[in-house]
Amino acid sequence: MLKSYIENIEKWREEFSFYVPIKVRFSDTDMYGHLNNTVPIVYFEQARIDFFNHLGLMEDWTDQDVNNIPVVADIQCDYLKQVYFNEPLKVYAKIAKIGSSSVDLHYLGVDHLEQICFTGRGTIVQINQNNGKSASWTEKQLEKLSGSKK
Amino acid sequence: MLKSYIENIEKWREEFSFYVPIKVRFSDTDMYGHLNNTVPIVYFEQARIDFFNHLGLMEDWTDQDVNNIPVVADIQCDYLKQVYFNEPLKVYAKIAKIGSSSVDLHYLGVDHLEQICFTGRGTIVQINQNNGKSASWTEKQLEKLSGSKK
Amino acid sequence: MLKSYIENIEKWREEFSFYVPIKVRFSDTDMYGHLNNTVPIVYFEQARIDFFNHLGLMEDWTDQDVNNIPVVADIQCDYLKQVYFNEPLKVYAKIAKIGSSSVDLHYLGVDHLEQICFTGRGTIVQINQNNGKSASWTEKQLEKLSGSKK
Amino acid sequence: MLKSYIENIEKWREEFSFYVPIKVRFSDTDMYGHLNNTVPIVYFEQARIDFFNHLGLMEDWTDQDVNNIPVVADIQCDYLKQVYFNEPLKVYAKIAKIGSSSVDLHYLGVDHLEQICFTGRGTIVQINQNNGKSASWTEKQLEKLSGSKK
């Protein structure tokens, strides 16, 4: 069952290199005994922020003079395999497309057997908190973003 | 900016009638001062479960003899307006499409001025916990599901 | 089993009047099928903030000129009765003791039969974000705090 | 400011050896810019479960024939130092006292400079899900529990 944002699953998967190790917290489960469906979105956020940090972008978003922050415009997640308490996961993030003030990220969550548990995507927009409007990437930011793109 | 799952926003919006009132918890916010982006997914879950309960479906999913449960196959959320602590929201849910063992739900979150804060959609599949496979809707379940569809 | 912060349970209980209605979210449960033990602490926070808001104190903590915020110094919770999904709870808060820059709150969570599910207490300290030190209550704040005390 | 459950802070601290590394998630923060006060309770749970797992106790609580589970009777947490996003923490757990069907655990959270951020304690009771009553430790369980005690 191929998702609209995945053309070729093997190729798509190969393009990931950055990931964060995630351990499923007990409080991440729900009464159906598995990982609650809302939690992979939390993992995506964790992977995204660590990824941005890795690219050197987080410093742009804590500079109070500039006052720009990244905002989630949309997110989606496809659940392929149930996940249980204590499972060690890897959650990957990669850049799929760079816009003028936005970036599309793709996500991949795998278990310890490298089986896909969930996939996802979402657009992040840089906005300026002073006026609430989108703020175009600077040259330097584009370099950071492009550098990571294969 | 029309989402792929919304053809006509006025018509789409009119088809909602069921909603749950939601109050943004303090711990739902994050260090950017607004509602954390992972939380509307929690609100969708709340709206969905209350909606299923309203349709009389939850009793099918707590019957330990049958052992069927609803599982989230995918979810997506579009964030249109920032939400802040203490805002009273209404989160609507409606049925968009009924499959043989699945159902597509759409979601709409509005603030106290009836302004759209976020929209979303997702597919729920009924699976049987004994064999892990999808379980077709029974006649009775289809009645419950159809009854709610305009 | 009387808790150290409760001398006389009937008297203690009578002193509560302010409460917030809480509905247990599905994602508040865990794989043991009941309310996860970390969540009543979230409910305490909700009750506390609504209580402070009710007393007119929240406006003091969003005034960016003064830059004071309330900080949780400690919290404790005693779990007396398991809580399940969808249960409508009332979570009460009251002031137990007022210090020079702090206040002790007590908490009580009951189910729809008015049975006690959990109790708790904790100290809140007002600190100034500019210097990180505790900030004494002003006359006006003391009035607001005392007004609520029976 | 010594807590009631800590007689001598140096001695108390030395008795810990088991810990879990914790990374503060972005969604663990709140609009005051720091770790939300409800989250250390989540970290305690994580430390506790990993600790029980380390002691070999978790297998007793997933055996569906016996149907015993550990239940949190009470928890408390003292917050000594604000924690911020992305900080790497260590959260320690140790056994403080063993009862007939319960065990008291103490907790310690430190930052990367080994500075204390929060401390805590709480009682866990083993209950039987069939009758809802407390279930005494078996000989084997007591061995597991004692083995860890210095």
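First chain written, first letter: the chains are A, B, C and D, and each begins at residue 1.
Going forward, a contact is a pair of C-beta atoms (placed from the backbone, for glycine too) under 8 Å apart; a residue touches a chain by one contact, two chains touch by 3 or more.
A quick note: this is a predicted structure, and the numbers were derived from the prediction, not measured.
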| item | value |
| --- | --- |
| Centroid comparison with chain C (C-alpha atoms), farthest chain | A |
| Centroid spacing, where centroids are CA-atom means, of chain A and chain B in whole angstrom | 23 |
| Distance between chain centroids, defined by C-alpha means - chain A, chain D (Å) | 31 |
| Chain A-chain C separation of Cα centroids, rounded to whole Å | 35 |
| Contacts with 2+ other chains: residues of chain B | 26-27, 32, 36, 38, 42, 45 |
| Arrangement of touching chains [line / ring / star / complete / other] | complete |
| Of chain B, residues touching chain D in the complex | 26-27, 29-34, 36, 38, 85 |
| Touch list for chain A against partner chain D, complex | 25-27, 42, 45-46, 49, 53, 86 |
| For the chain C and chain D complex, residues of the former touching the latter | 3, 32, 36-38, 41-42, 45, 69, 71-79, 82 |
